[in-house]
């Protein structure tokens, strides 16, 4: 596969991200915040895609890696002087250790990856419903522990004095890094082997591909990306354990499914589209002007719109907006299969 | 008087056309055989009749009325019973429960003696009444599958390769039962791979290859191996 | 944390009773979830929302000064209607989709219903009024056991017995069992798909309503997240117990409820907030050791997603 032909696969998502960034710069600083959040969500969903999209296995645990990354980056960048107040029970070595912004992101990625590796080693052997429940259990445990353990973080209080270093540029670069890594991975032998297991596990196993190992690699990488995104997120807005729990799990999953879980483009498109709609309806609580037409909705409408939209997509277009396909030049189309298996007959 | 009429039937799965323009009829008190190589479309024909295969053309008529587009359970309740390929016994249910399940296909308002007939034809069913169906041997399961179909007191009996995996002795038992069923007045459509035995048993046998009807044979052709082979390879 | 485990609190009869009650209610929920899974091959994440709706019905019944039996009737009515709507609007169109799509779809329904409730009823919680009196303790052989615990266990046993009779002694029950084993063949034999599915949905709804009554008495505060955590735990229990067979699934639901109740009572005071972690850690361990289910006979079909 010659490099230039496949380049649109990564360039188009990257361009979409840049377009979002420029749009964010163009609007008022009040609205710019929404764009930054969107870009961070892109980073999270791309991480989710690296595992779920390539393996075809559903994981509910991705957000726990985001949480772990957020905790890491947050605890290590809150100003030293404020730590005793912000985190009363914090372990001593965490109180005394502080790192810079970029270092905290790198560490967040590292810890996220290590945690994912530790979790994935036993869990990647499972499939189907068992995998789903097991990853759900990881989410539950992480949420429980991070929410109550004061020795490793703010516990119930959540973060509040983390320096807000994630502006539009940091978020953009972060999203682009995630996209680049995801693209690089799926172009490697590992990525292709994993996709083979998604298409036809039996054939892949017969061909000598270790399903367990390939899934573990993707899972770990996804964990690292998630941790990184978590670091970005915690430097953007105050986060508590419950902000990185079921709702976010659902929303990021919705973004991936609506966009098209089989492709990187799908992940990015889904994140941008869904967060765009979500943000619109959230902002509409305070009345918005759409080309001279006033709209005001009750708080919480955004979630309902999201839920309904997700259901409609699942019923009428389960492959998502992109149909699970990457962007490719019109000459020769290479459809990439998706999360959904062949439909059952009557 | 025709019980089952298949007219110009076409069945297509996605891009693959499994059956092309097939026409046949089965009358009460008649066994019609449907033979042919693997993938010829025999099973698809039966499933199309039952309403569980995508029909793209033609018609299926029961006692003159079209049953096209009806759901499988609807077709079953109109008096057509299928003995599926591989028997598809409910292994975790008892033999008796399997038989009673067959009652689901009874036609409305008919309290026939399907169960009694099934037990009569296959005495082992009564003997193994409370055993789990899964412990039965292949041949016994086949008898159960047929008995289950008969429990619905059907007008038409469809069988999908009943002799598959059975020892010749058991095939004898099964084929003999089919004769009795035919004599009781049912219309029987028998799909089989064992060409010779089927041709010998049935009142007429159709050879299906590549989804098309190639040849129709009578019992006297059973000994004519050349003709059979030629039909298969046509 | 491990050392903390050594300072467990003593096991008492009220704890056991509560654990039995919770196990009983979870067993009912497990059957409700397992029935729908068996017949429709659908894992209903939104089951908790049925319970939430039931809870709100009870709360509003109390608010409108209904008699207790009227509140319960309202609860059943609301839950049944919602159950049927869920089936018609969401499950039916998705019947031919892959298990993953269905899982995500029910997840979406759960999310949707929870937020609709949040929108309509606000985030304040409501109480179930007079029903809460059932939380009062009875004196049994000198031990204080909550009235509700006894009722829950009794009802659970009763419901399960009735259900068992239905499944084994009636034609409908036979059809449902067959449909759960091999839907396609069952239809070919004349089993009416819609009737069997409808029955599963209705029974599942009735069980949800029953669970709602008991859970709401126990918690006495209904909010939009009512029933969600319980459903997740029961789902985990069902998968751990053995998703594909009704009895292991029920046992799984009971076990996880019972374990939760016992752990809740014996964990040292400063560790009780980690109850969730203990339970889910146990879930993971069991899934790793026996992925086909704790109570199955092993060697079940590998499920593919």
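Chains here go by letter, A, B and C, matching the order in which they are written, and residues are numbered from 1 within each.
By our rule, a contact is a pair of C-beta atoms (placed from the backbone, for glycine too) under 8 Å apart; a residue touches a chain by one contact, two chains touch by 3 or more.
Worth saying up front: this structure is predicted, and the values here are computed from it rather than measured.
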{"item": "Chain whose Cα centroid lies at the greatest distance from that of chain C", "value": "B"}
{"item": "Chain-chain pair with the highest tally of contacting C-beta pairs", "value": "A-C"}
{"item": "Chain nearest the overall Cα centroid", "value": "C"}
{"item": "Inter-chain centre distance, chain A versus chain C - centres from mean C-alpha coordinates, in Å", "value": "31"}
{"item": "Centre-to-centre distance between chain C and chain B (centres being mean Cα positions), rounded to whole Å", "value": "43"}
{"item": "Centre-to-centre distance between chain B and chain A (centres being mean Cα positions), rounded to whole Å", "value": "54"}
{"item": "Per-residue overlap in chain C, given as positions that touch at least 2 other chains", "value": "184, 187"}
{"item": "Per-residue multi-chain contacts in chain B, two or more chains", "value": "52, 72"}
{"item": "Residues within chain A bordering two or more other chains", "value": "345-346"}
{"item": "Of all residues in chain C, those that touch chain A in their complex", "value": "43, 90, 93-94, 96-101, 103-105, 107-109, 111-112, 115-116, 118-119, 184, 187, 228, 232, 235-236, 239-240, 243, 273-274, 276-277, 280-281, 283-284, 287-288, 291, 302-305"}
{"item": "Of chain C, residues touching chain B in the complex", "value": "171, 174-175, 177-178, 181-182, 184-193"}
{"item": "Contact footprint of chain C on chain B as seen in their complex", "value": "50, 52, 71-73, 76-77, 81-82, 84, 88, 90, 92-93, 97, 100-106, 148-149, 152"}
{"item": "Residues of chain A defined as touching chain C within the complex", "value": "56-58, 122-123, 125-134, 136-138, 140-141, 144-145, 148, 201, 246-247, 250, 253-254, 257, 298-301, 303-304, 306-308, 310-311, 314-315, 318, 339-346"}
